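Read through the structures below before going on.
Common to both upcoming complexes is chain A, partnered first by chain B, then by chain C.
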Partner chain A sequence: MAQLAAVVGVGQTKYKTKRGDVSIAGLVREAAQNALNDAQLTWDDIDAVILGKAPDMFEGVIMPELYLTDALGCNGKPMLRVHTAGSVGGSTAIVAASYVQSGVFKRILTVSFEKQSESNAMWALSNPQPFSPHLNAGAGGYFAPIIREYMRRSNAPYDAGIKVAVKDRLHGAKNPLAHLQLPEITMKEVEDSPMLWEPLRFLEACPSSDGACAMVIANEDLAEQSPGKPAWIRGAAMRSEPTMYAGREQVNPQAGRDCAKDVYKQAGIDNPRKDLDCAEVYVPFSWYEPMWLENLGFAEDGKGWELTMSGATSLLEGGDIPWNCSGGVLSSNPIGASGMIRFAEAAQQVRGEAGDHQVDGAKTALGHAYGGGAQFYSMWVVSSEKH
Partner chain B sequence: MSSSAEILSQAFTLGYTYTRSTGPIVGQFLTALRDRKMVGIKGSDGKVLMPPVEFDPVSAQALSDFVDVADCGVVQTWSWVSEPRKAHPSDKPFAWALIKLDGADTPMLHWVDADDAAQMSTGMRVKARWAEKTQGLISDINGFVPEATALSEDYQANEAEEPITGIDSPSYLTYNFTAGGATARYLAELKKGKLVGQRCPSCENVYIPPRGSCAACGVATTDEVELTNKATVESFTIVYIPIPNNPIKPPYVIANLVLDGANISFLHLLSECKNEDVRIGMRVEAVWKPEEEWGYAMENIQYFKPIDEPDVPVEEIGKLKKGGR
Partner chain C sequence: MRDVAIVAFAQSDCVRDAGARNEVELIMPVLQEVYKQTGINSAQDVDFTCSGSCDYQQGAAFAFVAGVDALGAVPPIKESHVEMDAAWALYESWLKIQMGQAESALIYGFGKSSPGELPIVLSQQLDPYYLAPLWVDTIAFAAMQARVMLEQGLITEAEMAEVVARSRKNAANNPHAQLKGDVSVDELLAEPEYESPLRRHDCCPISDGACAMIICTVEKAKEWGKPYAVIKGIDHRIETHHIGSRDLTQSISTKQAAEAAGVAQGPVDIAELYAPFSHQEIILRRALNLSDDTKVNPSGGVLAGNVMMASGLSRIGEVAMRLINGEGKRGVAHATSGPCLQQNLVTVLEAQ
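Moving on, here comes the complex of A and B:
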């Protein structure tokens, strides 16, 4: 039987287009120090460090975890790096949690980051290779046809994506750390923004951000002694599937459905919409909210957009299941950290530490990340209650 | 299996000039170099670390106490490079060396311009040879030389005042990219103007381009299946932004196309139609380049164009003619 583990400290940087004032080391340090401060701990209290980030090509530092050992206080301690593309922030938190749940370590610092301003994600994700036609135009170009197919089969109104784009930015305006601060954004403004990969518009896509996120995860004894409120990890799951195989369901991938089923079972969740108080879900392109509402069992197949359009996922409209109260990936996207931000924001909600974007009385929350060609999934459920 | 599979290999350079933020500590070190000065940083144990680091490697404390260090010191160890490579700082033989500058407690890696290996020794004294023009880079030190060497000090004074906060960091790696067996066979057929996929022996689905295995079943695909020029649009996007290093002018249609007899889509351009007329289920056909331009590339097909055939019902796209039979 695995032991209990909890998040006892969360630290983030402010997310912005370019953090020209810090090195990569300075960036991860800022988040890590904030997490230690939040947990009222020092470097000596940490047993091991688990680091995550997306492809090394984003910054051109190969195996950056080695260079970051000084900044993260790894002297004499185990450290390792996790890499599962865009879902890495979530997987990194799960790897850290599993070391505590297994009893190998008592208290772990886990950190993830991306400093996208050092290069250009569009280049790093779409560089040409010999013997393959060069037709990729960034992640949006990959996901747009999948979104089109969702729109076709669900008969969703054309503006469901626009609604998500507005909702998440209005949430983000309540989060001082969010990169995009667009408190006045309107449906019309999103609709009038330039088309990038039809049906996806500029304002329906995530920004490119610099930033880092960190958490301290402790075992039951240490979490109970922690001065702040712990977020108990009630379930954690990862799944993956190949990008390309005949008959692959790309709109509603099997790996995502299986991962959700697993994490809900661990956490005793029968009806996610009812049993969860809020969710932080990886939505880098607006339409992925209705798509993931279905994939994660919050709505029946083909009905995710109805929840979105009804305001059920909006904190400001008083929805019953607010999604991405922090502003989500659509408001801040330091790719390698984006998954961990979802996990950390879920923890902040159940700790009652989410500030102006707090869901009143939130007890149980989902953190979710996906990556690659929507093929790597990581999810956890955290709660203010142990059982 | 085709016997014509030759090994296809191509040089491939992956690279980018990164714009690296130095942060305040490395930035100050580089700013000092631009003024032909050396600065180290005091560690939490009082030792002077050179070059300066942001965080103490022992205690993890953030460091900020800069200390001036001399531009001369002692070689602690060294390695002779008798055949310099293109990326090396010198085009004649030289030594990499760990040099402990006077006033520092840790050695710094740099290079020593010596006549030959016999001139090098552990314990030898060396001094920095500053570049004629400095920029705020580690190469502002144009190597170290034996201390007795006479240097002309005809330097161009640095006039820049803004502190260094970022540097360009070019990083280019050249690989020899070799196509796998399945890809090589597929491309060899493509060079002859044929579209040849491979069938999974287990689920019988046909893959094109073939990858040599079926990811669903985890088995090798070896049976080859020649497919037609006709395909169905499974989905598509109209792209309004240019692809980096690709001459295609936006807006253009990139479609996920399933060839007749295949069970998986690939991406290709769709043309000879209005973008707004493209739809899921639409029938299209390959437009090949002139034969003399054919190579080992999918670009032999310039694009796909619509044909006058009824749309395929969505539920049948990619699922008809299972196994290509």
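Moving on, here comes the complex of A and C:
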């Protein structure tokens, strides 16, 4: 049986285009130190470090965990490096939790980061491979046709994506760590921004950010002794499917549906819209909110956009199921950390530590990440209640 | 901790250049082999899958994603990946079994080093501000380490050559080995130096290939009705990246991992050590406190063939298969990563 584990400390950096003031080591150290401070712990209290990031080519450092061990106080301890594409921040949190849930370790530190300013992610994703068709489009170009198919199937109004772009930036303006600070953003401004990949406009896409996120995860005994409120991990799940196969459902992928079903079952959630108080979901392009609302069971197939348009996912409009109160990936995107930020922000909500973007009385929250060609998923449900 | 059974292991031949075969084509045969050994059909028949590989070998971000194509992941599977040697993928899977979230797991590692110049590629795993700009390659680092040991009188060049001679001799019985045969210590010492004090044979070859393993609970192994060896202990540790701050003549992190894994709790019949350079085998034997009765690297070790990202898992698989075949009762397997043995994983296995 898995042992209980909880998030007892969360640390993040400020997210911005270029953190020229710190090295890569300085960046991860900042997040890790913030997490230790939050948990009122020191480096000696940590038994192991689990590091995650997206492709090494994003900074040009192979297996950077080797170099980062000193900055993360890991010498003499176990260090593991996870890499599962864009879902990696979430996957890393889940692997880190398993160090504790297995009973092998009592308290660990998990960190994820990206310093996108060190290189060009779109280039790093687009170098040609032998025996494969060359896709020189980056992530937005890859997902745009799938979004168009969603719009065709669901008859969604053309501005559902615009609504998400505005909503998440207004949320982000409540979060001092968010990269984009656009408190005055309007639907018209988003609509007038340049079209990048039809139907995605510039302001409907995530930024490129530098940043890191860290969490301290502890076992039941230590979590109960922790000075802050713990976020109990009530369920965690991962799923993968191939990028391409005959008959693959790309708009509403099976792996996402299966992963959600699994994590809800572990956490005792029957109706996610009712049973969850909020969710931090990986939405790097605006239209992925209505699409994931359906994939994750918050709305019926073809009806996700209705929730978005009604304001149900908006904290500021008093929606019943606010999504991405932190501003989400649309406001900050240090790729390798983006998944962990979702998981950590979900934890902050149920700990009551989300500051100006806190959902009143939030008890149970979902953290979600996806990656690759929308084929890798990681999710967890955290709660202020142990059972 | 509960015992975890290793029920199947397969590795490809270590070859210098796999030619036009892509990663999926390297992985598929070893997956098929472990399915056959276990009596299952595909990755759908295990609870968890985890792999180890390195994007920079292939020269593409998300290189491991293609690996998923080898798995038949339709319907979707529970799957993860480490940007490390697959020995650490085994560790992640072992945790999943410890926490009761999986009864069985498939682990695989693969590497195709032939398209690039591996020592130069690996120089980019160093501190990007202070070390990587110097382009110090892995061989130069190892040569400095060997030099320190020679100058302190901790090893002799003849002892290094003995390691190589034994590796080549043992590899004669290993159908997957790349380098094998009878060579004498004198013949080896007559060879010219390559990166002083290392001779070419002191350095592991560069290989393309893959390996795969299936592990499970002891109950599941009995249900499958297959012979198995068990993991009694497993631990991994890392030490400082700053070479100048380390005592290169010993491996502290191996000692720490060995203690946590319980190496000293019984005699060791067989040990497979991931020593990419001859003198490192001597460091590791000492760190693990192995006696003269221990048979070290009966497969020839990585001096006979080194598939980056798979060799660590292969060491564990080699020991497990030998225990299953009755070659010993208790064994130790070691995996490493980083310059001069910076990070190490130690596994203790027992025959059933």
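We adopt the following convention: the second predicted complex is superposed on the first by the 380 of 387 C-alpha atoms of A that agree within 3 Å, B and C clash if a C-alpha of one lies under 4 Å from a C-alpha of the other, contacts with A are read in each partner's own complex, and residues count from 1 in each chain.
Please note the rule applied: a residue touches a chain if its C-beta (ideal position, glycine included) is under 8 Å from a C-beta of that chain, and two chains touch if they have at least 3 such contacts.
Owing to the predicted nature of the structure, the values given are computational and were not obtained by experimental measurement.
Participant: Just to be sure I read the superposition right, which of the two partners does A:357 touch: chain B = first, chain C = second, or both, or neither?
Facilitator: Neither: A:357 stays clear of chain B and chain C.
Participant: Regarding the shared-chain residue A:57, is it in contact with chain B (first), chain C (second), both, or neither?
Facilitator: In the superposed model, A:57 contacts both chain B and chain C.
Participant: Looking at A:66 after the superposition, I want to know if it touches chain B, chain C, both of them or none. Which is it: first, second, both, neither?
Facilitator: Once the two structures are laid over each other on A, A:66 reaches chain C alone.
Participant: With the two complexes superposed on chain A, say which partner A:2 touches: chain B (first), chain C (second), both, or neither.
Facilitator: second
Participant: In the overlay, answer first, second, both or neither for which of chain B and chain C A:171 touches.
Facilitator: A:171 sits against neither chain B nor chain C.
Participant: Taking the superposition on A as described, I'd like to know which of chain B and chain C A:79 touches: first, second, both or neither.
Facilitator: Second partner only, chain C.
Participant: A:23 contacts which: chain B (first), chain C (second), both, neither?
Facilitator: both
Participant: If we overlay the two complexes on their shared chain A, which of chain B and chain C does A:163 touch? Say first, second, both or neither.
Facilitator: Neither partner.
Participant: Using the touch definition from the top, say if A:149 reaches chain B (first), chain C (second), both or neither.
Facilitator: first
Participant: Can you pull the chain A residues that chain B and chain C both touch?
Facilitator: Chain A residues touching both partners: 23-24, 57, 59-60, 69-70, 75, 124, 127, 129-131, 242-243, 245, 248.
Participant: Quick check: in the complex, which residue numbers of chain B touch chain A?
Facilitator: 8, 10, 12, 14, 16, 18-26, 53-60, 62, 165-166, 169, 171, 177, 179, 183, 187, 200, 203, 205-207, 211, 214-216, 234-246, 251, 254-256, 263-264, 267-269, 280, 296-299, 314, 318-319
Participant: So in the complex, which bits of chain A are touching chain C?
Facilitator: 1-3, 23-24, 54-70, 74-85, 91, 95, 98-99, 101-104, 124-125, 127, 129-131, 237-243, 245, 248, 254-255, 258-259, 372, 375-376
Participant: What part of chain C is in contact with chain A in the complex they form?
Facilitator: 1, 22, 49, 54-56, 58-62, 64-65, 68-69, 71, 73-84, 88, 91-92, 95-96, 98-101, 121-122, 124-129, 132, 235-242, 252-253, 256, 337-339, 342-343
Participant: Mind listing the chain A positions that touch chain B in their complex?
Facilitator: 18-26, 29, 43, 57, 59-60, 69-73, 75, 115, 117-120, 122-124, 126-138, 141, 144-146, 148-149, 152-153, 194-200, 242-248
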